[in-house]
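Below are structures written as structure tokens.
Paired with chain B in one complex and with chain C in the other, chain A is shared by the two complexes that follow.
Now for the complex of A and B:
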């Protein structure tokens, strides 16, 4: 297959890929444009690709409708659940990568099944449970829920990254007089830092984008952006400019992160099964 | 025996695995506990809408009802299967084709793949809203162009049209998730060993033969992984469709997870709702164990998958 490709084929390939990029990006681009449109341009029956941009939608919804706390909620939920996930998940992943104990692979599979569990199937008990704990409608409930379901991702992804580091490195550190834990914290973790960072970013993205748990667990106070946006859509007279503005704030950080972690993404999204 | 080797032995012989405990505990308390509670609830008549049904044990009544007298459940179940099969197969064909084109013709793939990834990285809720705006009946951009080329009549709207709404949610899932297949298949193609391919070419095999006889068999495990992961995710689909149509018009796009949501959080029929939720879980669990087998199947092969530690 390594023969140099003939000209028409190259042209064909690029044409197809160009169409793919346009199809993939136009819908997103359209909502970016929508967030800068005034009502007249937005509701024009012939789509307007050029218009005089307005910044009014952003303050109207974030300050006027008091949506800025939702952005803070999203940030707090994603950051704290990511930190917890890494703190609890990385040591576990290290154990899975380095040590043997009875039932290890079963426990490992068990983690996968928790990740795959459809949120809707445990939503009710979780709802009742957090109600009993008095945590319903608080940010804590969402942080705990997100931490539990992202934990398996950390365990699965980081096991692969730790396994990539030669065993001899931690053994040498232990020979030099470090404790096993010290070797893990000060030798292995720094070596696995790129993988750890990618895992953290992926956790952040998944928590930031999550909808169903948050939707069921918090209705008012602790609402993140994903739960807040649908509230702006009403059967009649939806202010699409404002919806678009919130959607942009809810997605732009993720788009930026995607550029950062693209290389490790394959691994994360296939639970470490495929190395990108 | 020095202190450090004793420490090592201690860690290797039993204390080390304790580091798995916090993670296991958290998952058990917040995911497995609720799961067992759900299984228990499925055996009761618990309902928040009816005060007399306060969780009396009813055995397998809920499952009996589910199996025999609930056409709505089976409609939603079959609808979900159709959704999964259609969406995942289209995604696979398109995604694999794109991956192959990128692999074969594009030297510096990074920017291109990242741009293609955007649909799958943004929140599904946002995807739902974006498409709701695009398909809006009066001023939707896509609606306008569909009418222009005659795909849609003047006063119809895609998301409220009984004929178009299901193809639309499939198409939007394809829009969102084709990049996933591209990304993973591209990784698979890039990690293919060169020697068997070169050997086949030396033997005079054409590109099509090389692809079918050499590359495809080598890619089998990775193909299995992609299909399973997408299948599991598609079966759980909730966010996008819930935001776009809420399951409507009527129940035309009521996927099984939306049906479960309705029974639980609209009708507050928790006992029966748990039985429905259990069925969703069961299907996912079956797919999940196949996925796990597939990983081990591929881990025992040299390429293209690396497996794990």
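Now for the complex of A and C:
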């Protein structure tokens, strides 16, 4: 790995990267273009790369169809579920990283298995569950559902980050006069901040993108943007321009976030997790 | 005020027994060194005193008060860790100030205490740096400053010098001795290095397999080792020991005989330190003859490794007297006052 790669291999690597970028970006670019097209251009039988752009789709859906509160809902759901995930998951991960107790690894694996079932398989139980709780069709249901499936991810990633911090650091804090909890909150958490941030961003992205549970658990109040999109599929045809406009707005925060924390995110998903 | 380990036992959850009813008591202001090979329980004993481990049996008393159940923060004990354990996201100043901040000491006083402690340890210039920008020796000083800045009664050091290179280790050793003299706190120092124990300690506690083997001043431990184990552990090169048997005033080992007095008949282990063996002329009557194997020059001395039959020994003598060749015959005298006798089975001093 330390040896510089030979020239043909470098060229090949660039070629692979180029293909990957084209494959990944073309649909996105197409959606960006679509969000600025009128109906005629959208349905042109030969796809148009050049056209007279229209800004009508955005106000039409966000103001005309009153979709802007959905963006607020998405934000509220993602932020609260992320906050909950970190608040519950980070201490749990810390315990997994530091303490030994019978059945620890089994319990850890059990947390992971909650991510292994196909989401649809627990959709109906989840629906019944929230109905029984009287939370169906509320924003709380979505927040709790998202928290429950992101929690395992937090525990999994953060365990590695905490394990990277030497045990003596906690002990030094305890000897310096902190309680166990104090050492965790005031010394370990700040040291794990980059990892925590990366984990939080990942939680945020997953919650923001989530469609299935949100779609099943809320119909009107508390709908996030993702659930709003199917509403644009009308009996009179799909409003592709508006779908694209919503999709662009829905993806923007993720693009921004990923650029901000991509370094930590890669680290979090490789080093930290593997070590855990 | 004194510090007492009263029958301290520690069995870890995985079944490892680190301490078996350790009894140890020392005075305030002492420099106590816990010495032993790895697995002797010295670090565990230190961590039990710190409160980082809960003993599975026994009590810890400080000044007559039972502190066994107290959390570390209420024990008034500071600690220096082997790998320094500095907070890498804080500056050196904030690292040292941390115990004071936790205790909500007024800002001006923190400033004053940190400065004073930093000056004492000669790290005043680095207060604005982050730990990552320090050398090993500087990081070690910061760790010591942090452990002492809040004036704890007791300061624990768990192998604090073992991550430093040889020269720096020697230097820090002197520094610690000076620090102890100036601060007059109780220092408890864990090490496997007998030289550190010899130079630093007011008293050395030698541990082996979770038990206290000997607890005395370094000089006594060196001159009157309580057992064969201590004898071989203290002093480099190690004490020469010979397994054999006494019969009628004559000690017979594998390969040579030695006249002895005042020892009962039966199997016994005799020991003598390499520097106490005398080189004598071939004409000397009571000389034992060994054959030179290897000579090491450790200026200003030389170490002669010699053999006789199945027995081997090391002689330490000033260099330049004679430079024996491989295979040359050495005439040695074992002064009877320098001989140590140990029970052949238990290894206890007789």
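By our rule, the second predicted complex is superposed on the first by the 244 of 276 C-alpha atoms of A that agree within 3 Å, B and C clash if a C-alpha of one lies under 4 Å from a C-alpha of the other, contacts with A are read in each partner's own complex, and residues count from 1 in each chain.
Basically, a contact is a pair of C-beta atoms (placed from the backbone, for glycine too) under 8 Å apart; a residue touches a chain by one contact, two chains touch by 3 or more.
Keep in mind it's a predicted model, so treat the numbers as computed, not measured.
Student: Considering only the touch criterion stated at the top, classify A:40 as touching first (chain B), second (chain C), both, or neither.
Tutor: Neither partner.
Student: So, A:190: does it touch chain B (first), chain C (second), both, or neither?
Tutor: Touch partner of A:190: chain C, not chain B.
Student: Just to be sure I read the superposition right, which of the two partners does A:174 touch: chain B = first, chain C = second, or both, or neither?
Tutor: After superposing on A, A:174 lies in contact with both chain B and chain C.
Student: Mind working out whether A:132 is in touch with chain B, chain C, both or neither, as first, second, both or neither?
Tutor: After superposition on chain A, A:132 lies in contact with neither partner.
Student: Looking at the overlay, what does A:229 touch: chain B (first), chain C (second), both, or neither?
Tutor: A:229 contacts chain B only, not chain C.
Student: In this superposed model, does chain C or chain B come into contact with more residues of chain A?
Tutor: B
Student: Given the touch rule stated above, what does A:256 touch, chain B (first), chain C (second), both, or neither?
Tutor: Touch partners of A:256: none, neither chain B nor chain C.
Student: A:96 contacts which: chain B (first), chain C (second), both, neither?
Tutor: A:96 contacts chain B only, not chain C.
Student: Can you list the residues of chain A that touch chain B in one structure and chain C in the other?
Tutor: Common interface on chain A, chain B vs chain C: 174-175, 177-180.
Student: For the complex, give me every residue of chain A touching chain C.
Tutor: By the definition above, chain A touches chain C via 100, 166, 168-169, 171-180, 182, 187, 190-191, 193.
Student: Can you check the complex and tell me which residues of chain B touch chain A?
Tutor: 4-5, 7-8, 11-12, 14, 16-17, 19-20, 22-24, 26-27, 29-35, 37-38, 41, 97-98, 101-102, 104-106, 110, 112-119, 121-126, 129-134, 136, 138-139, 141, 144-145, 175, 179-180, 183-184, 187-188, 191, 197-198, 201, 207, 210-211, 215, 222, 225-226, 229, 232, 235-236, 238-239, 243, 257, 260-261, 264-265, 270, 273-274, 277-278, 280-281, 284-285, 287-289, 291-292, 295, 298, 305-309
Student: So in the complex, which bits of chain A are touching chain B?
Tutor: 1-2, 5, 9-10, 13-14, 16-17, 20-21, 23-25, 27-28, 30-31, 34, 42-47, 88-89, 91-92, 94-99, 101, 104, 107, 109-114, 116-126, 128-129, 144-145, 147-149, 151-152, 155-156, 159-160, 162-163, 174-175, 177-181, 205, 208-209, 211-212, 216, 225-226, 229-230, 233, 240, 243-244, 247, 250-251, 254-255, 257-259, 262, 265-266, 269-276
Student: Inside the complex, what are the residues of chain C that reach chain A?
Tutor: So the residues of chain C in touch with chain A come to 13, 50-52, 71-73, 77-79, 81-83, 85-89, 98-99, 102-103, 146-147, 150.
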